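Per-chain residue numbering starts at 1, and chain names A, B, C and D are given in the order in which the chains are listed.
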Amino acid sequence: MKGFAMLKIGHIGWIEKEKPKAGPYDAIVRPLAVAPCTSDIHTVFEGAIGERHNMILGHEAVGEVVEVGSEVRDFKPGDRVVVPAITPDWRTLDVQRGFHQHSGGMLNGWKFSNIKDGVFAEYFHVNDADMNLAHLPEEIPLEKAVMIPDMMTTGFHGVELAEIGLGDTVAVIGIGPVGLMAVAGARLRGAARIIAVGSRPALVEAAKYYGATDIVNYKHGDIVEQIMKLTGNKGVDAVIIAGAKTEALSQAVKMVKPGGTVANVNYFGEGEILPVGRLDWGCGMAHKFIKGGLCPGGRLRMEKLIDLVRYNRIDPGKMATHIFRGFDNIEKALLMMKEKQSDLIKPVVIVE
Amino acid sequence: MKGFAMLKIGHIGWIEKEKPKAGPYDAIVRPLAVAPCTSDIHTVFEGAIGERHNMILGHEAVGEVVEVGSEVRDFKPGDRVVVPAITPDWRTLDVQRGFHQHSGGMLNGWKFSNIKDGVFAEYFHVNDADMNLAHLPEEIPLEKAVMIPDMMTTGFHGVELAEIGLGDTVAVIGIGPVGLMAVAGARLRGAARIIAVGSRPALVEAAKYYGATDIVNYKHGDIVEQIMKLTGNKGVDAVIIAGAKTEALSQAVKMVKPGGTVANVNYFGEGEILPVGRLDWGCGMAHKFIKGGLCPGGRLRMEKLIDLVRYNRIDPGKMATHIFRGFDNIEKALLMMKEKQSDLIKPVVIVE
Amino acid sequence: MKGFAMLKIGHIGWIEKEKPKAGPYDAIVRPLAVAPCTSDIHTVFEGAIGERHNMILGHEAVGEVVEVGSEVRDFKPGDRVVVPAITPDWRTLDVQRGFHQHSGGMLNGWKFSNIKDGVFAEYFHVNDADMNLAHLPEEIPLEKAVMIPDMMTTGFHGVELAEIGLGDTVAVIGIGPVGLMAVAGARLRGAARIIAVGSRPALVEAAKYYGATDIVNYKHGDIVEQIMKLTGNKGVDAVIIAGAKTEALSQAVKMVKPGGTVANVNYFGEGEILPVGRLDWGCGMAHKFIKGGLCPGGRLRMEKLIDLVRYNRIDPGKMATHIFRGFDNIEKALLMMKEKQSDLIKPVVIVE
Amino acid sequence: MKGFAMLKIGHIGWIEKEKPKAGPYDAIVRPLAVAPCTSDIHTVFEGAIGERHNMILGHEAVGEVVEVGSEVRDFKPGDRVVVPAITPDWRTLDVQRGFHQHSGGMLNGWKFSNIKDGVFAEYFHVNDADMNLAHLPEEIPLEKAVMIPDMMTTGFHGVELAEIGLGDTVAVIGIGPVGLMAVAGARLRGAARIIAVGSRPALVEAAKYYGATDIVNYKHGDIVEQIMKLTGNKGVDAVIIAGAKTEALSQAVKMVKPGGTVANVNYFGEGEILPVGRLDWGCGMAHKFIKGGLCPGGRLRMEKLIDLVRYNRIDPGKMATHIFRGFDNIEKALLMMKEKQSDLIKPVVIVE
């Protein structure tokens, strides 16, 4: 079968591989729609997770089940499914501790295009289908559905980590698609004022659509100063970092109130250390909580997010600014994520 | 000064009282808008909190500060303010424990029309103004603002107690104004499916407006059976009881999943005991959590709710179905709450 | 093989059954030590969970692995193991929701002597060995170890549900072995004052050993009155119900402060409803939280409890007042739990 | 009156000041016992909180009330009291948000020897006596009681921030008196294995007394490596930083498991930034939570800690290695904290 792969750091291309086989609890799925992710770009062109050879890329997909193992109960060939970016092994002590994302080791719940071949293939393998897949309802179109596996769960996880309360004032740093979903998630959790930090007009417009009440443009000056000014020098109740450089952590700590939370869902790709300003952090005593985590995956999470789309609590489809039809467009779509032209939010490839 | 009072159980009427005086930390406020509450009806006509003589009624108000004590820092005569129904003494160990509603004893944070004269008066007294009042922004009209002191904070507290997660399925029992705010609050916290239990068409329509996806009419059969059927026999993640008879608690326990929460913000007015079904509660081992609490008051809470209105996260004004102008209409408005004609949600009296 | 069984409600006896077989993820274990539980008595003589025919009893055991399935990674024949009373299927959405005790349905994580044959047999079957068994360190003697699978995890879970804080005052209702572990658990979580409700001298002495500071004897008057008197009418921060009649729930609600928690780990065996006093519960608004849950099982939980014993944080062996040697003594030990002679806390049968 | 003061950075000495006066809610207290704190040393000799002129030092005291304001209800001259190091203004929105430590601004709950004169004086002023003082029971000797205002509340707060669960493995970095109380607190909250990082024999012995199961000596090599080795490369569930250099934060992040918490109660005195290792923090996605906070003060907290001492859950008096009698010994005791001779844990001055 054909797949679009990372050949080695800095090199991509189409390759041929054996069609994967399903173990007793697994499923084989063919993609109906896929989307490239900025982290694919990090992986290939920055070598952010180290070297890989001929690894098929992609971890955002909805698909059709084509084969299931003998022990799979709830899925059968022909079922349309949402496939989470995070598909852990659910039988570990890490899961019993409550952290499926780190099942089997830190970040190890992330398998596609990291530990195994990804979804940019004619077929891909899903471990533990009953625990990792979710049925896709008829009424959700593919370009919406494909935002669920990573963009929605990641942006929303930022909001969950931030422990936002009703009426809070929240800052979201970065308004790429994950940041937009953090904005939408903050609204969904009852934030009142949402200050989005970004610059590109298409993203700013989308941020407002998803619930931003204020926009801070980092090109117009220091973002901490701008946010302190907007809040009458009080700072914000929570900050979600959803796409940023190394300095974002110290900026966030600076702008959050004592007792507030900084929640990171950004993949920090550079530098040896992430700095926290000693005085801003109250010499260690400010009760400014710093959290960061990989997005939740698995079936239940996907079902919850599907319900949010189904009951019209959110329309993630607005982010699909560029929709391609045909498997072969995966390459073009991926490269768009690298170039990031001004009107791009997220490209989607409809394979069906 | 004039006030509309409970003369004794079963009797109401206009009375004359001395204008209240402000202690060093207090404020005297004249109402700009008030709303009667079902609990006023319970208090007067059912004697739900016991006998009271010539106690001025009412605990939902926005007003104008007319006098402040010497130690008040943040408010001055002329300021327009939201006055919470719950105005605790903030200097007690109960507050240090985290429960200002029970400052000085169970439910003792509730002072207006309970422990002291209420807001249906030409002037009323607010203890600890800096901690209990909140500034009302110009742009919020009075009929919206007056929903904040009790309806919003109470309905939303049900949602907070219920610990709703993103994408959850939630049942709300009772869709009077508190129930409607519980529906709205459930949407604000990211519930996906919201099943509202009610019957009166005006309320059903409002419930849909505020976010209900399904309506269960108790006149059409057992509500537990209806909800189990709607959820494919899985039950709901959480139940909020916002207006109900004694049996609601056992119904709620029955329809909630193991691991789910039943959150009550209803004032149970009758019966010696509230029953929990032993088997439905897993013989005591089902992890079905049962909570119930008086709404939060105080300044910070009001400010957060004001922000939700100001940033258009909710429009509580849709509930103000009957708006009267003139102080003297308080009596008529209160009696409407007793009669509850078919198109009534909430009457408001604009005093200004 | 031989097993000691419930023949039908009210009847017990030795039976012969086929030795169980291990599926690919399972283990077959022979007991080294077992203990009978009051719930075995409820099951057989009160029919508390309904009729069962020729079901082998017992769910408290440590044992030796004699066979493992092909997919078991971490255990092999000869390993000495702690076997939790609760051995869920870990691959369900209930587990993803965080409630393994109710995996596959309310209370369904409890399999031994409920859904399948128990541990009072020459051999017994353990599903998902890697997720449900824990290695027993050499240095922990069997009579201590056998308190871990149910007594420790159940009593401690009461404490966890009660959300005890450092320095709290806690009441524990019932001081059978689960109640004693609730007392010990309350001390382990940092309660200051622990008021134990019981009567039998052997239990009272043990309660003091495990950390009770005050004893309330229900034979000396109403326990609520006694506890209110002891606490200067303030009530307690939390109540753990660990063995009690139907009325315990309303007693607990009465004696707990607003903002406090009532945590039940008792198996309520009788009555259609459990009553909550309406006024004591603040007409639904007192913030008196009511919780109840089946004990956690699984491997991680057992490992944590083993560590508490290994590092001498607790000695559960003090409860093993009657130690028998030889498999055939299971019948005698079980009947002791029925008779409950005055010096009994817990009988243990060393099989080895 | 006489007081021992910071004259300016680097200089200390006895000064004369006016006896303070009580406002209506305040009390004037004379010390019965005081203890110097390492932070006094930081303040004076490192200028850690900036310049101060003729500010009386000290924030750890028990005393006798000599005067109360007109509005004080629960204390009267002659009462023996525990005085918390943190004595906030309880009437602020920060308190309503749940963070009294930051009432009125970051760290502003800390008044003694920071914002106002401290307790090393013949008399000192306590704001809001009813909310900040606690009665000292007869049976607790002064040298124990004086560990409550700062050492116990700070060490225990580390444990609270760390969210330790029953049976957890915990590392405590730094075993000065705060670290020792973190060790004791970890045991009080049910940690199983407690790995204490320190070196000085007197402290190591005390750490074992308070519950440490393993000692890691930083002089014997990298502490992260040592702890990873001790835990079979699994890392620990939580780390409490209770006295350390800048690098402690990154060491802690490195040794904690994904899903675990790093809790800081150390006063970081140097450097512009505190570094977090990017890869150790999972590039921002490891769910390694970083917290740090000033100790809780106020009356309720003191009462809880007093109860822990009264009910023999802990004996903080073991830390009082050097007990002086007489007010004039304050200077000597303070200088001991600077020199830190090998057998010193904490000096106490009994003034009575």
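Heads up, the rule we're going with is that a contact is a pair of C-beta atoms (placed from the backbone, for glycine too) under 8 Å apart; a residue touches a chain by one contact, two chains touch by 3 or more.
Keep in mind that this is a model prediction, so the values were computed, not measured.
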If a chain touches chain C and chain D alike, it appears here: A, B
Repeat of the A-B interface, chosen from A-C, C-D or B-D (over half of contact pairs identical by residue number): C-D
Distance between the centres, which are taken as Cα means, of chain D and chain A, whole angstrom: 41
Where chain D touches two or more other chains at once, by residue number: 97-98, 303
Sites on chain D touched by chain B in the complex: 90-91, 93, 95-98, 100, 128, 130-131, 298-301, 303
Residue ranges of chain A in contact with chain B within the complex: 156, 159-160, 165-169, 185, 187-193, 213, 303-308, 310-311, 313
Touching residues (chain side chain B, partner chain C) in the complex: 48, 94, 97-99, 101-102, 106-107, 241, 246, 249-250, 257-259, 264-278, 281-294
